[in-house]
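To start, I am sharing the structure in question, which I have written as structure tokens.
Per-chain residue numbering starts at 1, and chain names A, B, C and D are given in the order in which the chains are listed.
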Amino acid sequence: MRKATFSIKDSEFRGSFESLSKIGVEQMADFDSISADKILTRYDIVVESSEKPEDIAEQYMPENPLLRQIAEDVMNLKFKVIEQHVQEALKTLTPEEIIENGLLAGMDIVAELYGRGIYYLPHVMVASDAMTRGTKVAEAALGGERKYKGVVMMHAAEGDPHDIGKNIAAVLLKSNGFGIIDLGKDVLVDTVVDEVVKQKPNVLTGTALMTTTMSAFPRIANRLKEHGVEVPFICAGGAVNREYVESYDMGIYSAKAAEGPGLANKALDGWDWKKIRSNWDEIINGKA
Amino acid sequence: MRKATFSIKDSEFRGSFESLSKIGVEQMADFDSISADKILTRYDIVVESSEKPEDIAEQYMPENPLLRQIAEDVMNLKFKVIEQHVQEALKTLTPEEIIENGLLAGMDIVAELYGRGIYYLPHVMVASDAMTRGTKVAEAALGGERKYKGVVMMHAAEGDPHDIGKNIAAVLLKSNGFGIIDLGKDVLVDTVVDEVVKQKPNVLTGTALMTTTMSAFPRIANRLKEHGVEVPFICAGGAVNREYVESYDMGIYSAKAAEGPGLANKALDGWDWKKIRSNWDEIINGKA
Amino acid sequence: MATTKFTKMAYDAADDLIFGEAKKPISYGLGLKVGQGLVIPEINFAPRPGSEKSPESLTKEYVDYIATDVMNRAVTLGFPSVQLENEWIFQMSNEPEKFAKPVVAGQKAVIENYHDKYGIACAVRHTCADSRLHEQGMRFGQDKTHNYPEKMIESFEVAADAGADIVSIESVGGKEISDFAVVRQDIRGWLFGIGYLGSIDMEWLWTQIVDLAKRKKVIAGGDTNCAGANTSMFMAGGYLDKDVPRTFSAVTRAIASARTLVAIECGATGPDKDCGYEGPILKAISGCPSAQEGKGAQDAHADLMGNLIAQTCDLWSNESVEYHPEFGGSSVQCWLGVIGYEAALMNASKQMKQDKVLRDIYVASDRFRSPEGFILAYDNAYKIGQAIVEVGDNYYLRAKAAGLKAAELIKESNEKGKLKLNKQEKDTLNKIITDLNSLPDEEGKFVDWALKEYKDVPAFNPKNYEL
Amino acid sequence: MATTKFTKMAYDAADDLIFGEAKKPISYGLGLKVGQGLVIPEINFAPRPGSEKSPESLTKEYVDYIATDVMNRAVTLGFPSVQLENEWIFQMSNEPEKFAKPVVAGQKAVIENYHDKYGIACAVRHTCADSRLHEQGMRFGQDKTHNYPEKMIESFEVAADAGADIVSIESVGGKEISDFAVVRQDIRGWLFGIGYLGSIDMEWLWTQIVDLAKRKKVIAGGDTNCAGANTSMFMAGGYLDKDVPRTFSAVTRAIASARTLVAIECGATGPDKDCGYEGPILKAISGCPSAQEGKGAQDAHADLMGNLIAQTCDLWSNESVEYHPEFGGSSVQCWLGVIGYEAALMNASKQMKQDKVLRDIYVASDRFRSPEGFILAYDNAYKIGQAIVEVGDNYYLRAKAAGLKAAELIKESNEKGKLKLNKQEKDTLNKIITDLNSLPDEEGKFVDWALKEYKDVPAFNPKNYEL
């Protein structure tokens, strides 16, 4: 069999390389002379908002000055002074009011700014850190346990160690007033099923970054069904896609962490997984 | 909203175009000076057989000189003289012998040469035309109807007008000794089902070039099942893929027309569709 | 139905042919400027099987999923312009008002939103199906069962009224003969089917499409000999395929160009269809912009000129991909990325004033990969164009001249030792030259011979061509 | 564990950097020659979910389907060479003898057949998984439940013994800190996680891999900061994404290069991993060949430098695609076509003696598309390389220098009016410069501060880094 004559002999390569250097040709182009506008369009700059965060926030700020201060601390990432301000407010306001109308109200503003692309994710994360600090102080003053508007149980799929997506989603849900039960990462199907049956969250979430781990989700869904338990099961992560998630009962697809609160709130409104699924596009586009 | 500044003004374009012509720069490269070997490899030439068709054919030629002549006529595409040679042979040989050991034997050689890449499809088609002419003469001399080794029913899917793939496959199957019932193109599911139930072919084939027409196949399979009929159903064509075809009962995938005879012959060996399917790779690779 | 046939070249020299620029540029859609200095990606897609079960599910697929995904990704990556193409599925052609209208209107609404919000230049092409069945009849009034010729024209009306910016078709005149001929490697039959009958049918069809497009104020883009030359190219395949020799498919491509040219002669303005690989020949003759596809169309098929065919394109296409998820997003998004970045490369080369260098690197990659690409290299495409316009007034003569010129160019390069040919390719090439040269110099004699020779070809009815 | 750190550049000038050629070329596999004048496509794939249910079904998927399809398409299209890459799935890493060995051996047998029959140059890369869990322990003897550190090294043994030509990994040292930092836009934390801890872990890990590779006579290719810088880049996304500003991700990329360099300093020879976008910086410093991916990797993800990143590549990759059918064949075949033709384009430019022109067109396409691509343009990559080698002896200082240099280059171009930045990008850039400049000049002081600052980060255990 004749061998294909494709090989490059080392000497050929070195020869051509050296000759260019000998000639000393300066070949690098003058990149600054090109008009990037004729190659690409900076749509992010095209739609850059000229609105100031403070102006947008104004319409959502609480009237009560103490609550307003707390909301501003959240929005402005003032995690150092927020605890002190919460202590102040506790003198005249209930912990529930402070949490609901101060801390969570501040996060609502942050979410609004994030939705408008004025705040980026890091703002949300750090604002949430601030909110968490303030919340700890307020919760300590509660009589009993804090009542969340709902509970979301979260996990990263069995065999999957990636949890950054889950962690971001947890922060956004917490910032929206949900109680979070975080089972962690690489959580066995058995564990998820047991915990859901035991603790009865309003919503279950799962993230999977690898296609070989996402098969845990339909297994969870089927096992829950066997137990007679039905719960909206929001599935997300790089591996999953809408087609896959909608192929098993309870599966609700989510592409971005920011979609979490919108979907979970529908569960609180009494929508079962079927209703959430069939109205998915409208929910995501804010039209339902 | 600021409009993106991407538009090319007509004047800019014409300007740059004209200046090149004015300069009269002859920019077209000297393509003949490049070494294509360093860019691509002509694998077809690398493995080009140096064997002559006649030498390969020698090992398969019938001994009887009359049959040998007929086989050579097929192999050498001598459609003008083949009828005459068949008439000659009928004086001393039976029509069955002539068909089996002369005409089909010639096509076996053609198939061998085609498999080795020495003959191309057009050779096969024209050889088959020659074989068909010879066969007509021999069949006229038969006492009763010709007995084929098996019968293959073929169609192009409901809604699909493309039939070149089917036509090529039909020629190859006929050249392999099968009787063909060609239902044509854009054949209703009902018609296919009725004809299979009525005529009971050994094998059914279907081709679909468009993904919106291939859904006819599982419907045919289900309807046949309802009738209690099971037949290997070879599905092919640009639209279908193995995963899809193996998703319904009876479906046997085929990527190339040349695979048809190999698969159909297994049905004659008594293999049901399940056995053909699970041994598919081996059959295709000639190892079963 | 007189049309003005091309008897001279729009370009003075082959070297003037370049991607992103055309002698007869055109603007349409929402700010889309074709052939005016930038190459535009054209994304082409198919709905998932099952989505056609109702107009609602089909519209959701095409509008909420496909079109929205496309525009999202185009903006995300910063592509200044994009064209969407829809090749109409059976349901849309069969019941245009019910299935096609909401899709056309819905997609237009989506791109209008993105244009308004971001300023992205965009347009939608609708390629209606040629659903005519040769054996049932290809002219009005012949197919009384399905009325396919009438339905085909109706499709264009619906498309244009509902929001299409540009309409096209992949017409099938002569295919009954070319299918018969290609599997028998009969170049004379192929010439009859596509060069002659195909051209007649093109004239009948495109006169109507151009008229309709004028009335409806949409662009009549162009056609492609997908049904003929692409069948031939796909059967020829690559180095492991042994069905049709690539010298045969190369010559069929040249013949096809003489036929696809008819659309432009009827008044189509381009850009013609992405899968019309004969585009470079047409652009050389007519100066009209063209859409092409190659390495970015691997989702639909492989070819042996993945880079070369970009040489003179004004739109760069992925041919077609079924909508489904990939790791990187939906399939339409992934392939838009592939073709959009290729357009960006070509556009960047213009900024660097190195577009002709890039063009020549494209050509160098595949010039000798196959005779098919070799004859389409812009310098050879130009020569084939010249052979056509020299006898431009006669469909038969010009198609034959195109085929012979292609064969000669291949032979010349092979004899020089540059374009290598395997044994089959060589033998076939010689047979082609012999066969074509054996044909009469007069159309009438050729047609008389052909009508006798091919009278028994299944589905062939001379009445389809008014013969 | 002393390694020789780079304190000078392998190349004299940025302009000497070009695709297809490396100062330290390497040959391996079946006739594969890397960095010796030709660019090679590297096709990367994932098995379908469900195929992992048994070693037999997994082997069938990887060997009978994937590898066979790849080699068929490479020969069909005439590609002179191809490299296959396997990123090990969980089952293969967890039970290497049972699941991985037959796959490795089977694929090797397939490519050997094609090499013997056609002469195609080929090789297989196996990228073993870094399965270590930070909270369970990353050094030997720490994770007593899963023994992941030990299992990870065992994977390499099995891969090398069963037929791998080149081994690589996407290691995760420092990720617990970088994940925490990226969502908070904390560049100092990111520097600690990847620039410092990541480098320490790289040294621990790569000393062992290089030793193993020498013993087993396979190539120790290299690493990538996929776990850090790619997380940052993917979160930054494109023009519609508002999670992480692209000035932040650009600086993380520069910092990552100082960390990925450690593999080479331990003795890895390259080509390193396709998704290591920091590759151009490493090549400028070390002269070792690199694999890259961009517009051909759209199947796995989009990026804002689809053309630019080809500038200095020696292998061109598709990153990953799940095996499934497309119109054009199987997905691996379609994407091999895309990357194979791009390699052909680059190789054709060498024949035309226009490779540097093509390189510059690649760069021009995306230089100003995002700060991320801007700093990787070979001239800027070279400058970042210089900043690294200037303080090359110290992991902390060189990573900080890399980050600061990247930030300065961005700022300079923006102030000139060339690289545009949106408001977030600008504010973030200024904060980055302030933050990095506020850090101590001494590693000891930095580490003391960081250990306190990040002590509560989940899964962070200084013992993992012997601190």
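By definition in this document, a contact is a pair of C-beta atoms (placed from the backbone, for glycine too) under 8 Å apart; a residue touches a chain by one contact, two chains touch by 3 or more.
Bear in mind that the values here come from a model prediction, so they are computed numbers and not experimental data.
Graph distance from chain A to chain D, where chains that touch are one step apart, equals 1.
Counting C-beta pairs in contact across A-C and across B-C shows that the higher total falls to B-C.
Between chain B and chain D the centroid-to-centroid distance comes to 45 Å (mean Cα coordinates, whole Å).
Taking each chain's centre as the average of its CA atoms, chain B and chain C sit 26 Å apart. Our note on geometry: chain C versus chain D, Cα centroid distance of 40 Å, whole angstroms.
Counting only residues that touch two or more partner chains, chain C has 37-38, 46, 75-76, 78, 80, 117-120, 239-240, 322, 327, 344, 347-348, 350-352, 357, 360, 364-366, 369. Residue positions of chain A touching 2 or more other chains: 1-4, 6, 8, 29, 34, 38-43, 46-47. The touching residues of chain D, counted against chain C in their complex, run 46, 72-73, 75-78, 237-241, 294-302, 304, 306-307, 320-322, 326-329, 333-335, 337-338, 341-342, 344-345, 347-349, 351-352, 354, 357-358, 360-362, 364-366, 369.
Against chain B, in their complex, chain D makes its touches with residues 37-38, 64, 75-76, 78-80, 117-120, 324-325, 327, 344, 347-348, 350-352.
In the complex of the two chains, the chain C residues touching chain B come out as 14-16, 21, 25, 31, 33, 36-38, 46-50, 52, 80-81, 89-91, 116-121, 131, 133, 179, 182-186, 231, 235, 239-240, 242-245, 322, 350, 353, 356-357, 360, 363-369, 377, 379, 416, 418, 420, 422-424. The residues of chain A lying in touch with chain D in their complex are 1-4, 6-8, 10, 12-13, 16-17, 21, 26-29, 31-32, 34, 36, 39-40, 42-45, 48, 114, 117, 119-122, 125-126, 129, 159, 161, 164, 167-168, 186, 210-215. Chain A meets chain C in the complex at residues 29, 34-35, 38-43, 46-47, 238-239, 241-244, 281.
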